[in-house]
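Below is one structure, written out as structure tokens; comments come after it.
Note that the chains are named A, B, C and D in the order they appear, and that numbering of residues resets to 1 at the start of each chain.
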Amino acid sequence: MANSRFEYVKQFEREHHLLPDTYIVIRVDGKGFHKFSEEYKFDKPNDLRALQVMNRAAQAVMSQFSDVLMAYGDSDEYSFLLRKQCSLYERREMKLITMFASSISTNYYYYWNEEFPEKPLKQSRLPNFDARAVTYPNFSLIRDYFSWRQVDCHINNLYNTTFWTLVSKGGMTPKEAENKLIGTVASDKNEILFSQFGINYNNEPEIFKKGTILMREMTQEESEVNESELSSRQKQRIEKKRKKAEIKTYHEDLITNENFWTSRPWLSL
Amino acid sequence: MANSRFEYVKQFEREHHLLPDTYIVIRVDGKGFHKFSEEYKFDKPNDLRALQVMNRAAQAVMSQFSDVLMAYGDSDEYSFLLRKQCSLYERREMKLITMFASSISTNYYYYWNEEFPEKPLKQSRLPNFDARAVTYPNFSLIRDYFSWRQVDCHINNLYNTTFWTLVSKGGMTPKEAENKLIGTVASDKNEILFSQFGINYNNEPEIFKKGTILMREMTQEESEVNESELSSRQKQRIEKKRKKAEIKTYHEDLITNENFWTSRPWLSL
Amino acid sequence: MANSRFEYVKQFEREHHLLPDTYIVIRVDGKGFHKFSEEYKFDKPNDLRALQVMNRAAQAVMSQFSDVLMAYGDSDEYSFLLRKQCSLYERREMKLITMFASSISTNYYYYWNEEFPEKPLKQSRLPNFDARAVTYPNFSLIRDYFSWRQVDCHINNLYNTTFWTLVSKGGMTPKEAENKLIGTVASDKNEILFSQFGINYNNEPEIFKKGTILMREMTQEESEVNESELSSRQKQRIEKKRKKAEIKTYHEDLITNENFWTSRPWLSL
Amino acid sequence: MANSRFEYVKQFEREHHLLPDTYIVIRVDGKGFHKFSEEYKFDKPNDLRALQVMNRAAQAVMSQFSDVLMAYGDSDEYSFLLRKQCSLYERREMKLITMFASSISTNYYYYWNEEFPEKPLKQSRLPNFDARAVTYPNFSLIRDYFSWRQVDCHINNLYNTTFWTLVSKGGMTPKEAENKLIGTVASDKNEILFSQFGINYNNEPEIFKKGTILMREMTQEESEVNESELSSRQKQRIEKKRKKAEIKTYHEDLITNENFWTSRPWLSL
């Protein structure tokens, strides 16, 4: 629409198109969820219903954006893998990250109301998420990326499990528990849990130890290789299949399990 | 926290710090609000309650981020002016725009529930917003920026008012109304409204014609000039005053009204 | 060194580190070489000595920066391929492109004096080059990149050869020759050369038709695969070998010749 | 020119347009000039002829690019101020910095030959420069920028003068001189020069103490204010005047001398 002599101010806008032919990971991260979890009295160290809110919200984001092939999350963060050939919003970084930040936030809100009808969200403490996009030039990096996040989940969960056991069952103040854990390594924490509280960390629920993997399950045939050589009708058909593909949930090891990746060759296409 | 051999993948992350000493405008824009307004049956051409949801959400964002000095919005978009010295999130662009996108979205959700208790939001149509940041090196550009948005509000509202009058009072189909308006200029539309429907566009509500201005009203004294020369205690005091400053709402001309700007010298500091 | 209260102006500087693990192509391009070639009376359509100046300058750049594995050039442009693991100047884009622009310029100057001792360069027409860096996430793109440049060389050389033959042997003015060639395709130009002037384009020198390839010839052993797993002493040894490796010159097809690439697996490491 | 199926690789190129309406400073910096000065046996601490090469090269760059209003340099670096309204190369950062890097390099080469006909440059040690561009949103920052560089010149020159006096007149080894100067402040160095060698630093040549300022001297009338309101013919006339304006050389204080700036209002336009 024709506009005004003021329109020149648009010239100050800058776009950044993410490098083509690279995998895009968009990671969303809860803003101030420590206080959020206190405000709404989350179970410690893990609140299963709050995790369900997060997982359902992430699944909704994944349903909305069919370029997302898989996602991984724990606590208040989630990482979404967008396929290499993705041209969503012409790969404009600003558009991509703000839409993901917005979508995870409103979906969290929506599923919160479903999971916690007794705890309506207050305006003074709404669920907000930042987001960032990172591009990776090859799939080996993608595997290492998700391994990084799963190791992080493990480290945090072992710490939190031990910390909250010391507090809730060991009668320590948070400060005392914190001091006790300074300088400890994984085996020390396992030992504290086992010898003092009879807890075998390995028996903790997988969703806590491994986080949650959301996978758009395709078949080989649905994920034909060289998209750049397909006709536009073929592309539409694949796109449709991708949208209809079932999104499944897993809580399992993705670091050492080679088969996890090799059985899903479409991820790297 | 010490982590793993996978942590190197962080090296692929990129940050962009917005140029210091420039005004930052963050504009949020509703995603697919045409369909959103159909889904929830907005009044046409303007739904006053929906505008209130938007305005209250924008005011909440402004309360949350005290670096925002003023904001302007109409329809499903809002522009926030951040002061030149703003160091929020170290001026990291990604963090700024995703936090604004997230915050406007969840606040819209919150105030929607207050304004429209009879129309709960559906998961299939949640309110989402993208966001972008633009930096401007001088205040004259900021005035032109807001003039650009207010002219745009005017053009859109005159069009929409005429279009929906042709449909609702003139009995035209949307297609017929669209065709009738092709090639018309402002005076043509004014004439259609007046001669065919007895509507004087000038008498339409100011909130529709001018949009909404949110202003953090400071006093001269509260906005001392050279922040870089202040002690950190003085800075904290000013920051506190900024947070407490009342946010007022206006629906008035900001293009030709010189006094609008000159009476608020703190905006450009 | 401790400095002054003015040092804060450094905060306005911005760096851009090129994405790790991607191939970097730096392309330098002569500034105003049309006029340069007129000023110094180049032979038309190709001046062999001027090409040698360019080729020798490019080879000098390649000797200076051992991360350059190969280069391709014709006319007044050259493209340098930097290996995927290159960490020269920490992959800072500004530093890389300005150093390449500077180095090709002064080397051109140096070798000009060697090739054209009778035509000293004038201050009013010095040889200048711009430069740009492009990152490519996989090697298939690198092959297409060099194919793109070699096709471009072919198109330009066929045009120039025909154009200058029409002028020098056909007695046309440049304007007449230009008009005659409008709308012609490759076969038309071949036909003009052959039927009017008895010139078989295929017999033109390879350096004109194919451009020039500079190749740092390694052996398999010299280019061990996973550099990230090597000790720093091993890295130094490989770096030393790379520096000493002979740089060979070719004028051959790199588009359809599969063996050109497969026989040099180190290029993609 | 129509090209090939390979042309898609251009999509990986990225451009960065510098923010409009900001001052641009392009700083070029000699690469490895410590070794360069040893190779060509510069006088220590300052080689007047080498400084003249640098100054003449910088002046040539300034003549070539009429958007440069002033420049400041010392040793092997130079900073060029481009006017706020500059649209050279559409403000593309890559193009600007590589052209400046190339131009200063070849001009240095040219004037080296004039100043040092007895010392031809060797291929193994050519004069190379990197370059960077920085944008500044207001002129007060520009004054601080040049003050920063002049303070830096002063600090370096006082150090070098004392160091080389200790070596050449005091009979110290470089290592001994270095150790003697560790921890000394400006007054200590002045004292060493005066008490041990009878040298009053204030009497050192201004070109060494203050560096060199190149100024495109305009008149008020030649630099009319609001270029955006001028007709294109008026712009061409001003551009022509800017090109013809004399470039004068100064070695004076620009930090405390208010008049230096206020007498040249066109710099900030």
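Here is the rule we go by: contacts are C-beta pairs under 8 Å (C-beta built on N, C-alpha and C of every residue); 3 or more make two chains touch, one makes a residue touch a chain.
All figures in this text were calculated on a predicted structure; none of them were measured in a lab.
Visitor: In this assembly, which chains make contact with chain A and also with chain B?
Guide: A chain counts here if it touches both chain A and chain B, which gives C, D.
Visitor: Let me check something: if the centre of a chain is the mean of its CA atoms, which chain is farthest from chain D?
Guide: A
Visitor: Match interface C-D to one of A-C, A-B or B-C, accepting only the pair for which over half of the contact pairs are the same residue numbers.
Guide: A-B
Visitor: So chain B and chain C are the same sequence; what rotation in degrees superposes their CA atoms, nearest 5?
Guide: Going from chain B to chain C via C-alpha fit gives 180 degrees.
Visitor: What whole-number Å value describes the gap between the mean CA coordinates of chain A and chain D?
Guide: 50
Visitor: With chain centres defined as C-alpha means, what is the inter-centre distance between chain B and chain D in Å?
Guide: Each chain's C-alpha centroid was found; their separation is 44 Å.
Visitor: Which positions in chain B are in touch with at least two other chains?
Guide: In chain B, 12, 14, 19, 21, 135-136, 141 touch at least two other chains.
Visitor: Quick one: in the complex, what on chain C touches chain D?
Guide: It comes out as residues 1, 3-4, 6-10, 12-14, 16, 31, 60, 93-95, 97-107, 109-110, 121, 123, 126-136, 141, 144-145, 147-148, 151-152, 155-156.
Visitor: Which stretch or stretches of chain D touch chain A in the complex?
Guide: Touch residues, chain D against chain A: 11-12, 14, 17, 19-21.
Visitor: For the complex, which residues does chain A have touching chain C?
Guide: On the chain A side, the touching residues are 19, 21-22, 135-138, 141.
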